[in-house]
Amino acid sequence: MDELGLLERMRGNWPVLWVNVDGVAHAPTIAEIGRIFGLHRLALEDLGDVQQRPKAEVYDDEHLFITARMARMTPALDLEQMGIFLGSDFVITFQERPGDPLDPVRQRIRQNRGRIRRCGPDYLAYAVLDAIVDNYFPVAEAYADMLDDLEEEVLGTPTRATMGRLHGTRRELMSLRRAVWPMRDAITVLSRDQVPLFTPETLVYLRDTQDHCIQVMDLLESYRELGSSLTDLYLSSVSNRMNEIMKVLTIFAAVFIPLSFISGIFGMNVDHPDPVWWWNLPFAAGVMAGTAALVLLWVASRGWIGGGGRE
Amino acid sequence: MDELGLLERMRGNWPVLWVNVDGVAHAPTIAEIGRIFGLHRLALEDLGDVQQRPKAEVYDDEHLFITARMARMTPALDLEQMGIFLGSDFVITFQERPGDPLDPVRQRIRQNRGRIRRCGPDYLAYAVLDAIVDNYFPVAEAYADMLDDLEEEVLGTPTRATMGRLHGTRRELMSLRRAVWPMRDAITVLSRDQVPLFTPETLVYLRDTQDHCIQVMDLLESYRELGSSLTDLYLSSVSNRMNEIMKVLTIFAAVFIPLSFISGIFGMNVDHPDPVWWWNLPFAAGVMAGTAALVLLWVASRGWIGGGGRE
Amino acid sequence: MDELGLLERMRGNWPVLWVNVDGVAHAPTIAEIGRIFGLHRLALEDLGDVQQRPKAEVYDDEHLFITARMARMTPALDLEQMGIFLGSDFVITFQERPGDPLDPVRQRIRQNRGRIRRCGPDYLAYAVLDAIVDNYFPVAEAYADMLDDLEEEVLGTPTRATMGRLHGTRRELMSLRRAVWPMRDAITVLSRDQVPLFTPETLVYLRDTQDHCIQVMDLLESYRELGSSLTDLYLSSVSNRMNEIMKVLTIFAAVFIPLSFISGIFGMNVDHPDPVWWWNLPFAAGVMAGTAALVLLWVASRGWIGGGGRE
Amino acid sequence: MDELGLLERMRGNWPVLWVNVDGVAHAPTIAEIGRIFGLHRLALEDLGDVQQRPKAEVYDDEHLFITARMARMTPALDLEQMGIFLGSDFVITFQERPGDPLDPVRQRIRQNRGRIRRCGPDYLAYAVLDAIVDNYFPVAEAYADMLDDLEEEVLGTPTRATMGRLHGTRRELMSLRRAVWPMRDAITVLSRDQVPLFTPETLVYLRDTQDHCIQVMDLLESYRELGSSLTDLYLSSVSNRMNEIMKVLTIFAAVFIPLSFISGIFGMNVDHPDPVWWWNLPFAAGVMAGTAALVLLWVASRGWIGGGGRE
Amino acid sequence: MDELGLLERMRGNWPVLWVNVDGVAHAPTIAEIGRIFGLHRLALEDLGDVQQRPKAEVYDDEHLFITARMARMTPALDLEQMGIFLGSDFVITFQERPGDPLDPVRQRIRQNRGRIRRCGPDYLAYAVLDAIVDNYFPVAEAYADMLDDLEEEVLGTPTRATMGRLHGTRRELMSLRRAVWPMRDAITVLSRDQVPLFTPETLVYLRDTQDHCIQVMDLLESYRELGSSLTDLYLSSVSNRMNEIMKVLTIFAAVFIPLSFISGIFGMNVDHPDPVWWWNLPFAAGVMAGTAALVLLWVASRGWIGGGGRE
């Protein structure tokens, strides 16, 4: 709470104040920060709901509230919510969990003495958004790799687990899309000329971020379609494998069932006019060999032998 | 009817009057309420049709009529229609069935002496709409749980009933979507600046409700896609199971049909030059063991043994 | 033709004239009516084409021509075209076939001395459109019932005919959608403020009809999706049934083929060192019983017995 | 080239000049015509590319260039490109191949002395477009017939060729859609009030053509969906047929494999305590008959007999 | 770096300067060029990212930055990024890799002394864009050929590799679509009247390029749908093949299993009242022949013989 008092005193004494709050669970702290900076009650409420849809909302033309969603692979997909308040002299960022996704922005501030120090809070807000959007590219790449692996597996020897993993990947791509899609809408709203908090100079940068956001969407869309195509491929692969199994069964049955029948005939205990010249072993063997050869020839003529190659 | 008379006297004496009517079946009551508050005939007609599509309609710039649809799990999905009339000094809500979905609003009025008491009827109408939309989140969560259970089942040992339940879930998600989609449109219409009944202050709140409504839509859309992906997963699972069954059949057939044939040969009652050194039990047993070993080796080389692991 | 003369004389003497023409095949009659009321040549041509797409067209800001499509179950789906001309003092309706779909409107005129008698031709045109749109609700309900029946069948014991009926239902839903979709567009065009023939008062009513039309569209869309989900369900049901059949085959084969082989061994006519203690019936029976028990145990361990329950 | 000279002299002497050019391969002729009428270089280039996308382009508010695509069944689908230039006093049409698709227009000019002679070149251009669009209706009907035939085949006894034909039909419907879709866009552009070359009177006619074009689109869309539904139907039919085959196999196997086993038992050459009262033919026959009856009863209880009816 | 100095001196002395840079990896060179021509920092950054989404961005109404994607078959699909800067007196093109895709433009400059020499840098930028878009047509044609080959294979004797190739083709079509779609958007933005760098004359040309771009999109869309239809066709083909295999198995089993059983009966070593008149070879042979004939007749009556023709 001391820090909050310090915060109150700092307000107004710096051209741009960046406050980064880790964790959104402690309601009184958030309420106090809201009081200091005059943040809208609805925005503070939305902060607490970590399932918030990414959006941008302007209150009284003076405060801008943006919720975004950061993506990381840790190594599972982790979508963390971030709330950004932009006022005429401050930027406040609320992270759902402590972490360093905004480190690139901090480093830009420390190292690059140029633009980010010279510019106002709108450029800082842009830098935060840009860092969030740029974070999606390595995530998207991770999914591209996953889909490549899955494709290799499906084209090779797919197992039941392959399909499970494919389903899981499709499911996570849906989550990603649900995070990126509204973020694109929010940035589109900002990048039009309607929000007075952004200078025209920053708007050019924001449009670049918007382009990157759309690019992420494009990637996710085509991964989705790829996932759907892989499902088709998997199903056809299972069907092919079934065909192969059935061909083996059919060939075995087609060759040996007639042979068994012939041996059964020669095994009958019936009366037959004795002596029969053909009721002996060599003749029986000959009949069987001939039958087997005929069946195999017929099967081969249908292209069923060497199944791997044909099917 | 006495209550209706009381209602008539109350009208005009309070800055905001909230009338909540349970049940829409008693036409004369509804007609009488319509007369007292000057409600439009079409709106009253729509009240009686409980299959009404959610919508918002302004009559003469003075009355706003909203139909919405409340969702509850009881434990089956229950979509109840609610009609809301908003005038300059009253809010009338018509519930299809008695119940307490507006309890949160009532409690806000009783407890929170702040905003909801100070503000006009437009804020009350917003509060009702907000309560309705917020009710969808636990419902959506219930479907998320259902889909998780179904996913586990499909990845485990799916039965025919799994597919039936999956279909039922998809069907209910369609109903939900059919309820939420037009509600989003109605709120979007209201949250633009075109309806003079809403103050700019309330519009900010209404936009928040609109965001929540879109978020519900997003969730339902991705559940729908998830349901479709689960159907694919189920179908592939059934195919895999078929493959497994066929492999068992094929291995049994491939091993025992040749063996049967060999035993059939040694069972033939044919004349053979006696004594034949190989026409005895040990030799027959050896031939059979060798054949079985060959077939099993070949089958194993195709990766068909230990089917669970490979397929 | 006498009636046409009468018509000509009546024109101008009544504030609103409603002419209902059954059948559109007799070209001269239609041409004559067109001449009397000054209808546009293109509209008259469109009347003759009973496959016309529903639309609304304004000619010279004075005449409005609407084509709509009425749906009935008789008991097959019957989509009849209706042409409606609206002028400043007349409404002319052309039905494709004689029938009574507009009876509700006539009864409203006869009974309800109120609005429909007081109002101008635009309200009459609205009443006709409203009757047409309202006619779709029982039709949509009939399809809901059909889909319910089909769902029950698919979840029970689907036959090949089930799939045929499902396809037929989907096909008719496409026809319905093709009729309702452009009708919605036409009504949307009318319900905006652009057509001077409609008074603002009637526009409120027209927007209600538009809402109903959109509601029909929503229903049809979700029936379409339901039909698609039922197709999935059916296919999975067929696959499940196949699995069941294959399991029976595989169990029979797995149990009896080894037993046959064993009986074949004991049936061999080979020389064996006599007497062999185990070459007798009880021992053979014991071996067979043991084998059968082992196979059955193994099959049961895979969960294949009691197939209905598991699969 | 003489004709071209003649053309040059005719220009300006007639209120409306219609030039119809068969074939677009002879570049110098086209260039010369372009020079005479002042056509834009890009439009002339597009003429030569017979795979041009239908479009409408206005050059300098004075020339309109339309490319359209005519459809005919000859009896295969034949999509011919047509280029139309419209100036203030001329219409030039370029056909890809000689033929008579514009005969209806010519006949309208010759017979109907009315409108088409009185009106300007814009009406002539409309008449050409209208003839092109109307040509799609018989083509669409031909595909409706094809799909009806395919549906009958799929519901009857589908063969592999059925699926091939279905695929071919779907492919041609795609081509048609690719031709009609942009044509609709082009006509929509023209039928708005933006092109000064069209009089308001002709615009009414053009909107009618636009309606027809949308109607063709609707038809093609529903044929596409029908094709997709037929594919589902076909796949389910193949699966059903497979089920039927498997049921026959399973019944044969379930009945005869146990019987074979029993006959194998009675065929064993084992020592058994002689005399055994049940080791005789009538007893063996009784056991077999009993077994067969049991199996058949069990199979019948699953509803597998009379497969055509149940499955 | 000398060349860069030369470049600086050339700037301003020529009405139009076209600089083509091969490779974007050498950052200092790019930075220097950016300094000379006053290019925006963001655009230079985007140049380095070769996965950039095609877009068009105007900076300060003075510079236009376009990223496009060139497609070539070499013979695999190769999508190279190209960056285009357009200023009032220069065009700078950055190719990802050295190559000659802009040769057609260079030849047009060298040969055609006309338009491209007379016009300003906007026409040159158009020419570059046009060359890029036109390059897609042979690529699209290559995919049309691939799909034709695949269709022939699927309708003939599809193998597992067919499905893999089909999947690969669908995947590459997705990449192409992801390249063309945003390019179309970018060109659409340019071809509206909003970019002052383009003269109205050039805009006409740009709209032609836009049409070509949309045409490429149409082609890719229908190839995508074709790929999806081919997948259906392939799956149905695999199912058909399975049916064929199963029919062979079933016929073999249905004919020979009963025969084996009969021979088993005659092979029983049971006591039977001797002499039995029918316990001899000719009678046994007759029973077998009769059984086989009956089964074959029954099978033929189901249309299972001559499977290729029926199925």
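The first chain written gets the first letter, and so on, giving A, B, C, D and E; residue counts start at 1 in each chain.
The rule is simple: contacts are C-beta pairs under 8 Å (C-beta built on N, C-alpha and C of every residue); 3 or more make two chains touch, one makes a residue touch a chain.
It should be emphasised that the depicted structure is a prediction, and the values quoted were computed from it without experimental measurement.
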{"item": "Interface composition of copies chain D and chain E: same or different, split at half", "value": "different"}
{"item": "Centroid spacing, where centroids are CA-atom means, of chain A and chain C in whole angstrom", "value": "37"}
{"item": "Centre-of-Cα separation between chain D and chain C, whole angstrom", "value": "23"}
{"item": "Where chain D touches two or more other chains, by residue", "value": "235, 239, 242, 246, 249, 253, 257, 260, 264, 267-269"}
{"item": "Chain contact graph, described as a line, ring, star, complete graph or other shape", "value": "ring"}
{"item": "Chain order around the ring, beginning at chain C and proceeding next to chain D", "value": "C, D, E, A, B"}
{"item": "Contact footprint of chain D on chain C as seen in their complex", "value": "40, 42, 46, 51-53, 55, 57, 59, 157, 159-160, 163-164, 167, 170-171, 174-175, 177-178, 181-182, 231, 234-235, 238-239, 241-242, 245-246, 248-249, 252-253, 256-257, 259-260, 263-264, 266-269, 275, 279-281, 283-284, 288"}
{"item": "Residue numbers on chain A that touch chain E, as the complex places them", "value": "151, 155, 204-205, 207-208, 211-212, 214-215, 218-219, 222, 225-226, 229-230, 232-233, 235-237, 239-240, 242-243, 246-247, 249-250, 253-254, 257-258, 260-261, 264-265, 267-273, 303-304, 309-311"}
